[in-house]
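Heads up, there are several structures right after this.
Paired with subunit B in one complex and with subunit C in the other, subunit A is shared by the two complexes that follow.
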Partner chain A sequence: MLGTTLSRWTMSYFAAALCFLIGAEALMAAGYGFPSAPLRAPETLLLVHLVAIGWLSLLVCGALLQFVPVIVARPLHNDTLPLPALLFLIAGLAGLLGGFLQLAGTFTANFSLFPFATAALATGFGLILYNLGRTLAAVRPLPLAARFVGVALISLVATVALGGTFALSLGLTISNPLALKIASSALPLHVVAGVGGWLTFAAMGVSYRLLAMFMLAPELEGGRPHMVLWLGTIALAVTILGGLALLIADASLSPALLAGGILSLAALGLYGADVLYLYRARTRRIIELNSEMTAFALVSFAAAAILALALAGLQRFSGQIGALTFLVLFGWLTGLGLAKLYKIIAFLTWLECYGPVLGKTSTPRVQDLVAEGRARGWFFLYYAATWVATAALLASFVLLFRLAAAAMMLATVAIIIQLIRTRLLLNIHDLAAFPAGVHRPHLLVCVPESS
Partner chain B sequence: MFILTEETTDPNSLRFLPGQPVLRNRTLEIRTRKEAAISPLADRLFQIQGISTVVLGPDHVTVTKHESDWQHLKPVILGAIMDHFVSGAPVLRTAAPLPIASAGRSTDVLTGEIREALRRVIDPELGYNIVDLGLVYDVVAADNGDVVVTMTTTTPGCPATNYLSEGARACAASVGGTGNVEVRLTYEPKWSIELMSDDARNHFAAQRRGRR
Partner chain C sequence: MTQSYVDLDVRPILRDGGEPFGKIMEAVAALGQDQGLRLYATFKPVPLFGVLEAKGFTHEAKEIGGGDWEVLFRRSGTPVKREAETAPATSTAGWPDPVQQMDNRDLEPPEPMVRILSALETMEAGEVLSALLRREPMFLFPQLAKRGHTWRGGLEPDGINYKILIRVGRPPDTAA
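Right, the complex of A and B next:
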């Protein structure tokens, strides 16, 4: 089978993820969690997991369920598992957030929600890992983008294992000394595995392919992207495995974090050179909004790397880790996510609605499903607000941060409205654009007709 | 790479032996620049002024000239063959059967009409027709009207693949005089932006913001 089909539940993943993003932005605007509360307060942990699992992980899972088959040119191993996986992930996240609320004293119960949350999240991510892992395992040799995804999935295993250990220790259900040692000191490793390994590595791998596809640039398969892959993988291994080894030996994590950080910066430098090359070598001179806005996400990513270096040089790294993480989560990952959603939703909706009548009647183009002029300003607002919010965190200006978070929420809601308009074909005004056999799609589920 | 040269009984023809397989188990005679589109190697040779025929054999390439002399042509031909094999490009763009020799005028007309009809199939992502994008590698019509369209997509595994091939099939079948239509998808060679027509390339290079 040369072509792969549409993933039925990807839109549901995206919809759930966007709801969690709005929720997180609303909480930040309302002054919940960091910086109004300490960095390790239960309120902040709730906020971080709402973003990392609710928004970004669901987004990446939904996207990978659609794009891993594209990358390896094989169908997904199992089309039934994505729905239970989504339900387990949402239930697990609800349990986790409930557990943090218990910790914060917002409500009390005779039992801890953390064991339930751990089991449900491990099951949900386990189903995703199994499905994507089996899809990748059937292909040899793996294309470059798929190798990045493979490393991201291994990092997800590490993230869930470390997170589960933390959650179970918070639920007071483990007493193993090693597990307790991990629970007390391995938080940086959990963050590196989750944000660096799982989310960023998957985004980098997929971006190599999507940037080339959407800008008509030559696909990069040479030595430099492979160097990015290897350096990044070694950086993750050194940080996570080296960090765990140091932890077991009762030593400081700093050498592992420092070595991993240097290797990561080298990998990011080469990745930046690759991305610049893709933008410069593109055939499509005037790029679409998604590629334009991806550039802002990449700028945020570069800014985060420079900020990390500057903070390390000023010896203020640990004091400003909140601002740095915020820039990575919202400037880089969320910016990239929203920009790519803008394209992916239009593309998948086009395929679902117009694919079956292609060649039989005239059809609109994918670009006709979007109204870039309406969305562009909201994207600008989103990035501007994110950068202002980062500056406010660096300057400990809490009120400005909350105002900026409110602006981010406003921009996100407006972008989501544009995504819904795209999904429901509301930007197509020409009645001829609805030939016989074309129906308005369902908001949450892809139901492709057989061609 | 060392290329041997052999004389033939025809003083206007020279045989070149590149020391590696050219066409496995077959011989293909290409007489025009248009026919040469099917082979990157023949295409390269037909760009040389004075070449009239190229024969691709299992282990040789035989070139016939109609003007100029071998003293001038031979080094250029050797260079073209060398460049081709060094580039790693395939000898043929498609593994489809090549009934060029048997194709009469009527099948030429039919394939032309089908190519024209295939311009109605738009690549959804690029918003441009699949013919000018260079996604249609070959259209071959038999005397009974049966047609084989050999095509590719910009990305292997693209979710649009099945829709594009079905769209191309439906479009080709809509042309009068067409019998059965078979669409063969291939990724040998892989599509690249060099395969786009000048029109398509100019379109993407000159797109203006706000254009719908």
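Right, the complex of A and C next:
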């Protein structure tokens, strides 16, 4: 094994993802989609997919292309496929958003964009699945973090399959009764597979590893994290497979959703205990900004679990599903994503620029690439605005939600400016930090070393 | 059992500062059942020995002058089962005792890598560095390979710490 090199296109994935995040926040601030429109309105669906595919899925794909090889200590199966995959995903997302605009009546055409969107997204995700799947398949036994990623990838298959069925039925290209039955009732399963299985499982697996790595805590390989893996996997299987079985039998999905919900709460409780242990067992006393801000994402995740329980207890769950989903997407997944990007971009950029000359000349530290003091306030604003927005959704206070969304967008733009400054080495003022052999990084592409 | 050899000369790639590993593995994958590989390199490609041993190849290396090496990889028919954590060099037999020992377990990444690479720059070819780490240093290996060092690493018996021995070599691009 000759180790891991830099994934060439990961920065392009991150850049595209961040553009879609800004777009989604701008739409929310402008009052597009939920809560100004109903939860199942095409406008809301457009917004949700802009976040789930455009921002979060591209972010997770970019991160996995770089870190799956690190986790399994094997090179990525293929270094060329990530670019076409990215292009297919962006084209597919554009088609999907266009399809929703057609549904909303924003524009009309005598053909539906949904079949095109389905084909392009399936191809893009298929290329990612093939590449990561082949990388994982070469390794036995799989380390814990890689097993989480494996379950996430299987969930991605389920998400795309269900989503494709919906899209094709919306595009009126299928008339199979079973497919139409799925299209009319399986939306909760699509959401669980996508947000719970694909995005959250990948985030959990990678966070186990990255938290241990960046806080110098012991790697968790014991019984409890395996319990999290098993309970979470069973929860997903019960919800998705059980839900499909109930659907085929013309029964209500509720038993599957309830059983899956209880199992996943148990898994989340154990995951929370693991994460607390990692923070306590760390040997680095000073926490970097990325780990500090990850803690707020984890708090949001815990708050979402408690909120779900409380809403279920008050029998208000289905009425407040929008607020709950918002908290999971923005408090947990987006918060975690931005916090980890803050470290990952600095680390990868440092390695790309200074790796070839390490030891031969004095080089800046990774932390010299970031200006944590400048970024900290914007992260606080981001989380505060996200929590206010969640409260506004719970209270059906639409204007407050839009103001909070505008604040989230402002904070995100400021954080992105910090990320760009890190990537372009603009926080390094010492000219001696650019010895011979060090090249300025490209914003979007990692150039493997050629020392 | 091997009848014929397929020749592969990676010296031009190495002299251009490139990484021939992918090319070599492609060539190996394309070998027939009765074929072996004759590899030409600008240094003794010790890291490769372990990789190909795991695929069931034995090796025979000889220096052919000018610092270049010719290595014959022959099918032994029995792939050697290796620990997942074992890094490239097949054996440290014949390696001198480490002249430097480092404990990098309490350093934040990437400080362990920086310390190791800095120390290696001060050492003579053939000398060995020993370092204790918290995990397999995935981003260090390409740097070691590029600089012509050989290494062997693995988990300590405690199953937690990772120990790597690195023998200083000549950078491949200056060997020509």
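Convention: the second predicted complex is superposed on the first by the 448 of 451 C-alpha atoms of A that agree within 3 Å, B and C clash if a C-alpha of one lies under 4 Å from a C-alpha of the other, contacts with A are read in each partner's own complex, and residues count from 1 in each chain.
Note that a contact is a pair of C-beta atoms (placed from the backbone, for glycine too) under 8 Å apart; a residue touches a chain by one contact, two chains touch by 3 or more.
Being a predicted model, the structure only gives us computed values, none of them experimental.
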Simultaneous placement of subunit C and subunit B on subunit A, clash or fit: clash
First, second, both or neither for A:G242, with subunit B first and subunit C second: neither
Which of subunit B and subunit C A:G373 touches, first, second, both or neither: first
Contacts of A:V139 with subunit B and subunit C, given as first, second, both or neither: second
Partner chain in contact with A:F347 - subunit B first, subunit C second, else both or neither: both
First (subunit B), second (subunit C), both or neither touched by A:P218: both
Which superposed partner A:L358 touches (first subunit B, second subunit C, both, neither): both
First (subunit B), second (subunit C), both or neither touched by A:G31: neither
Residues of subunit A that lie at the interface with subunit B and also at the interface with subunit C: 2-5, 69-70, 73, 213-214, 216, 218, 283-284, 347, 350-351, 355-356, 358-360, 363, 365-366, 451
Subunit A to subunit B touching residues, read off their complex: 2-6, 66, 69-74, 209, 213-214, 216, 218, 283-286, 347-348, 350-351, 354-356, 358-360, 362-363, 365-368, 373, 451
Interface residues, subunit C side, partner subunit A - complex: 17, 19, 21, 47, 51, 84-85, 87-88, 106, 108-111, 113-114, 116-121, 134-146, 160
Contact footprint of subunit A on subunit B as seen in their complex: 120-122, 124-127, 153-171, 185, 187, 192-193, 196, 201, 204-210, 212
Residues of subunit A that touch subunit C when the two form their complex: 1-5, 69-70, 73, 139-141, 213-214, 216, 218-219, 283-284, 347, 350-351, 355-356, 358-360, 363, 365-366, 449-451
